[in-house]
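What follows is subunit A paired twice: with subunit B in the first complex and subunit C in the second.
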Partner chain A sequence: MTPFTYERAIDAAAAARAVAERPDAAFIAGGTNLVDLMKLGVARPKHLVDVSRLKLDTIAESEDGGLFIGAQVKNSALAADARVRGAYPLLSRALLAGASGQLRNAASTGGNLLQRTRCPYFTNTATPCNKRSPGSGCSALGGFNRIHAVLGASDACIATHPSDMAVAMTALDAQVRTVTGDGATREIPMSGLYRDPAQGPEAETVLTHGELITAVRLPPPPPGRQVYRKVRDRASYAFALVSVAAVVDARDGQVLGGRLALGGVAHKPWRVSEAEQTLGAESRPEASFAAAADAALKGAHGYGANDFKIDLAKRTIRRTLADAAGVSS
Partner chain B sequence: MTETDFLRLSRREVLEASVAAAALGVCTSAAAAPPEAAPALEGAAQPTFEVRFTVNGTPKTLSLDPRTTLLDALREHLHLTGSKKGCDHGQCGACTVMVGGQRINSCLTLAVMHEGDEVTTIEGLGAAADLHPMQAAFLRHDGFQCGYCTPGQICSSVAMLKEVEAGWPSHVTEDLGIAIDLTDAEIRERMSGNLCRCAAYPNIVAAIRDASEGGAL
Partner chain C sequence: MALDISANPIGQPVDRIDGRLKVTGGAPYAYEHRLERAPAYGVIVPATIAKGRVRAIDAAGAEAAPGVLLVMTHRNAPKQPAFGPPRASARFARARPYLGDDRVRHWGEPVAFVVAETFEAARAAAALVTVEYEAETPALGLERHLKAAYAPETINVGMKTDTSEGDFEAAFAAGPVTVDATYHVAQQHHMALEPHAAIASWDGDEVTVRTSAQNVANTRKALAATLEIPLEKVRIMSPYVGGGFGGKLGMRAEVVLAAFGARALKRPVKVAQTRQQVFSNVGHRPEAIQKVRLSATRDGRLTGVSHEVWMQSSPIEEFAEQTASSTRALYGAPSILTRHRLVNLDMQGGEPVRAPGEAPGLLALESAVDELAHKLGLDPVEMRILNDTQIDPEKKVPFSSRKLVECLREGAARFGWSDRPKAPRERRDGPTLIGYGVAAAIRPNYLGPCAATVRVAEDRTVRVRTDMTDIGTGTYTILAQVAAEELGVPLKAVTVELGDSRFPVSPGSGGSWGAASSASAVLDAARKVKAEMARTDEARVFEATGSVKGMRETQSYKDFSQYCFGAHFAEVAVDEDTGEIRLRRMLGAFAAGRILNAKTARSQMIGGMIWGVSSALFEEAVVDPRFGHVVNGDLGEYHVAAHADVPNVDAFFVDEHDDKANPLGAKGVGELGICGAGAAVANAVFNATGVRVREFPITLDKVLIG
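Let's look at the complex of A and B:
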């Protein structure tokens, strides 16, 4: 690890200011991703501002009937919260499908959103990587790219975003609240948090340096049944090859509408409004699920070893939508 | 000599000092070796940071390079070598300890972040003459072969049963709304953060089941 200095922040605004003042400073919360990247020499902050003790670790009901999740709520606490399990089972399921018990106890809500890709070329400092070292090239393009993106990628970078939680939050229309170094606050929709890799894969989000995530706001849950399905190389403790967050509002065998977001296929949770519009547009549920799968994967293309993800994603979408609608597939 | 000073000397320095002493036939002491110079930090107020926490019920104060992980603080500074360094990347679970009663990977957290925390390691769970029920169950069921992952498995499983008791669901819990039935599938899923390369998994599951049914936790 490169040497660094350390300070424990006393409030969110002071933390944001402390990082904003130094280009070489970074926030640390749970540390489960950052400490690992620092050991690998991928992240080299000279100064760490510890935000783990900020009083941002509560979950509260908001006035509109939604939930207000502090950025320092641990992944395990969020998954186990009775209100989340009751009204947002999609979020509980996504969290429980990710990482291990130990990691979920340490990882924070804000940190989960900002975790870096697990592309092996990003974490291996001996190989070119545009995300780690802008302009050096993308080793995954012609390399071992089984886990990589089939949607939204560019020749600059084909890495995927590894979070499960973010996929559920995207389907649930979550809003991310932040504070910047000059004390300004703003709310960013999940759909607008992540940047396209073609704009420069080294900057993954629209957050400015020193902008701290303070909370995630969930609006009231959409109507319908929520299902999260994750497909991976082993049954537990592995990142998604493909994951599907689905909400389907179905009554008497008729699909009225729903939500659909994908994980493991792009640099961000992938949500396509055209796919959601097909839900309920066809009289036969199975036909609308197939149409949704085709619409969601529109424009997808593989890079060799990850070609299988396109079919896998379509099948997983059809199956998950059918589960959520309560119809057999 | 404080606990930290003892290990400030690297193994190589100890070896070099010993070899030099043997070759020269003179007596040297570890303390006579020059201390490793702390790297200069731009804008740094101080190269080390003090952390006060409780480890296995005993208050400890350490002055640490902030790069020191909790695992290294426990092993190298407090000489609690029960917690193991397996992968050092949060993938194997051999370093699992409890902080505030919750299990975490001690390799992925900085010691300076644990000011005021209560840390429990395998040494704090039980001793040879007074085994924790989970340790006794692992012995009874032969829940290990080489034993390297065992302290992490035991710390993890003790904290895991508390999570079950608190009603925390898992990935394999069928219904998020009802009490958890601790099936073997539940135990395996909840213990997936602890790898055993000897593959003693069937006996580990049996030991955890036995300990959980004993109700002695």
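Let's look at the complex of A and C:
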């Protein structure tokens, strides 16, 4: 860990300004990801701006019937919120499937969205990695890539985004609100937050340096039943090999439509509109779930140790959609 | 003079006498001891190549960094004796040089050591040390180098490398029913909660090191040999050890470097290895390929058993895990062949890891036995009972006690084995397939030479001393129980002091010999004190040293073959869509002589069983053949069982008292629980799914493919 200076921001715009002013500054919220990376020498900020005490820790109902989640709401508080559990159980389930109780108590909504990949070559400064050290090569190609991407990857980087929460938020059409140092605000759809690794894996999101996430806005929930299914190597405290966020609107055994997003398979939560369009397009629910699975994994490509994820993802999609539709196979 | 006789505490489920200290933070672990003088903090800089030499080190940046007191590299490290040949008779007592030359022998080997006023300053400065290497092409990858396999002189604990009873090849050729299966077990790590750590301080030419060691006498010898100073000038203290599992049998870099640092700076220096460093610097269970062949009659009688093993070793230091050794004694087949071969790779060498030999060996053997039972259409419990033997097929002497059949029968009854799904894929629960599995457990019983003193003060309080360690097993408690019972005093009146090289020498904790050896020595000392007290009416201090001889000098270990036995029963659910395997419940039945403390012994068994589950389903250190490092070298990605993975694990002991083992009739329990546990889970997975995974750990992708 390299020595750093530290300040506690007083308001969101000031925090954004403080980071924007220095190229070597970074925000810190719960610190559950950033501090680990600093200890490993992967992140070397010289100045930390602590945003954890900004008054961005409330959940409020928005006028359109959705929710407004402050960026400093802790993962555990978000998962336990009655409104979230009632209207967005998908989100609550996804959060509770992540990390551990202690980590969720510290982890923030904004930090969760921006956590870095768990690629073990990224976190080891002694091995080449394009994301950590652009141009050095990708060790995961031809290496141990069990947890890596099968969709949307590039030869520059095959890392996955590890968040569970982001997968649920993507399926729920969430919008990310930000503020920059000059006080300008904007709203970015979840589907547009993460950048394609082919454009340079070192920059993971479209956020500019010093752009602070202030909130996440959830529109009113889509019709249908919500199910989050996480497949992992042990029963808890492991990242997803594959996760599926599904919302299925079904009546009398008939599927009318739905949403589908995947985690653990790409550099971002993976949502394919063709896959969603198949929901309800076929008269037999099983046929439409199979079609959705195939459409979602279209173009998937394994790198050796992660080949199994393609079939696993399809199986998990079919099963999760069936569970959400209430048609058990 | 007479003592009060109170209830017999031996065997009672007494709470740990050190429990309160531990949960309140009052028990100092290696890194936590407070000395009068503030320590300086050392951080190790590890090599980032697998083989080659250090061409240049630039330490200037680190030396100039704030708070830095010392940067040590091979250029300014004290002269040390060479490590010597890869084989040594007393390997845990040999000199272990660090920063002794410019060679890099494995990834993670220390290449520099930075000491500073604070831990943070030392860590920051360590990152400023730049090393230029002259890398050579390392030999990595077990399968790729099988052709270079060789037979070691002996395997661990001096056992024979190969054995052959009867004519296995002829038996196998004759069949009529055979199994020929090759299993692969992954490299696995100890991962004790407490990392390797040490605080060294010098007083003149005498050094004291507080560390986390399973065996203080060996650590003392190893450090004296490395520093080239007389043994009397070295004191090792290891009062509390946060888990060892074999990884703390030998002295490691933190002890040596702390001693160098403290001597150079004339103040205490403390060092802990990081979790990542623990993956590359303290040994591991080597990756191995195991070929098991069985032949049997149609009614299930084994006619031949063969177990051949190829495993990773290191050109620096040889370690041959005794993987096939218990195959020599588990079943009464007329022909038994075992063989061990080593493949040198440019990695650190292997080390004992809880139940070295049995843990990986039974994973393969007991899977193969299940394969045979399935082929024959026999109940795997009954087939094991059919092949029981009361004579050791290798040593040709009776077992001192062998209650494998009782464990199988009693375990089966309590588990509800009769209700098992007879055929694979027979039982379902919603989207999951349910399977039951069984496996046998076997583990040698050892006795090491041990001494202890017992002192009864005028106020009738008792003090027990030995350099024995308590690595979380409950040694403090059982020694208090033995002394209290023999002297007839309340448990509260006994104080136990452990882990100081100034106390009488014990064999330390390892090989499950600790309890029997140290408790026998304490019993002997207590008897001597009692005899002396009976001779006089004086109210004075009584003190005596007691001892027990090791098994090599004990006739009953020649006349009898000594093992502990057990049986594991597991139920798993396997998700048919995702392949996820979840243990539902598990029961272990064990025969391990007289149980000294029902509570701590049961904890030992359960802990072992959980590790068995973990090693069968989760644990795999992946070594990248391009670099030579453990890719998933942290506890986020090297998966050990989490609580949710082990929902319902229980164990019980069948009644036993083994009078051939030692004066107490007790046997070792520390490793027995892991032996065979993984195979019971693997067999349950097969029973659930019909898929036989021979590549451990059994991850969901392997079940899905099958």
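Couple of notes before you dig in:
Please note the rule applied: the second predicted complex is superposed on the first by the 329 of 329 C-alpha atoms of A that agree within 3 Å, B and C clash if a C-alpha of one lies under 4 Å from a C-alpha of the other, contacts with A are read in each partner's own complex, and residues count from 1 in each chain.
By our rule, contacts are C-beta pairs under 8 Å (C-beta built on N, C-alpha and C of every residue); 3 or more make two chains touch, one makes a residue touch a chain.
What you see is a predicted model, and the numbers here were worked out from it, not measured in a lab.
Touch criterion met: A:79 reaches subunit B, while subunit C stays clear of it. Of the two partner chains placed around the shared chain by superposition, subunit B is the only one that A:6 touches, whereas subunit C remains out of contact. In the superposed pair of complexes, A:315 makes contact with subunit C only, with no contact to subunit B. Of the two partner chains placed around the shared chain by superposition, subunit B is the only one that A:92 touches, whereas subunit C remains out of contact. By the document's definition of touching, both partners, subunit B and subunit C, reach A:237. Within the superposed three-chain model, A:105 lies in touch with subunit B and out of touch with subunit C [touch as defined at top]. Across the two superposed structures, the residue set of subunit A contacted by subunit B and also by subunit C is 1, 3, 39, 235-237. Interface residues of subunit C, counted against subunit A in their complex, comprise 48, 66, 120, 123-124, 127, 430-431, 577-580, 582, 617-618, 622, 624, 626-627, 629, 631-634, 636-637, 639, 641-645, 699-701, 704-705.
Chain contact summary for the complex, subunit A toward subunit B: residues 1, 3-6, 8, 28, 30-32, 35-36, 38-39, 46-48, 50, 52, 76, 79-80, 85-86, 89, 92-93, 96-97, 99-103, 105-106, 235-237. Those residues of subunit A that touch subunit C in the shared complex are 1-3, 39, 41, 118, 120-121, 123-124, 126-127, 139, 142-144, 147, 231-238, 241, 308, 311-312, 315-316, 318-319, 328-329. Residue ranges on subunit B touching subunit A, taken from their complex, read 39, 41-47, 49, 65-67, 69, 88-90, 93, 96, 102-105, 107-110, 112-113, 115, 156, 159-160, 163, 166-171, 173, 176-177, 188-194.
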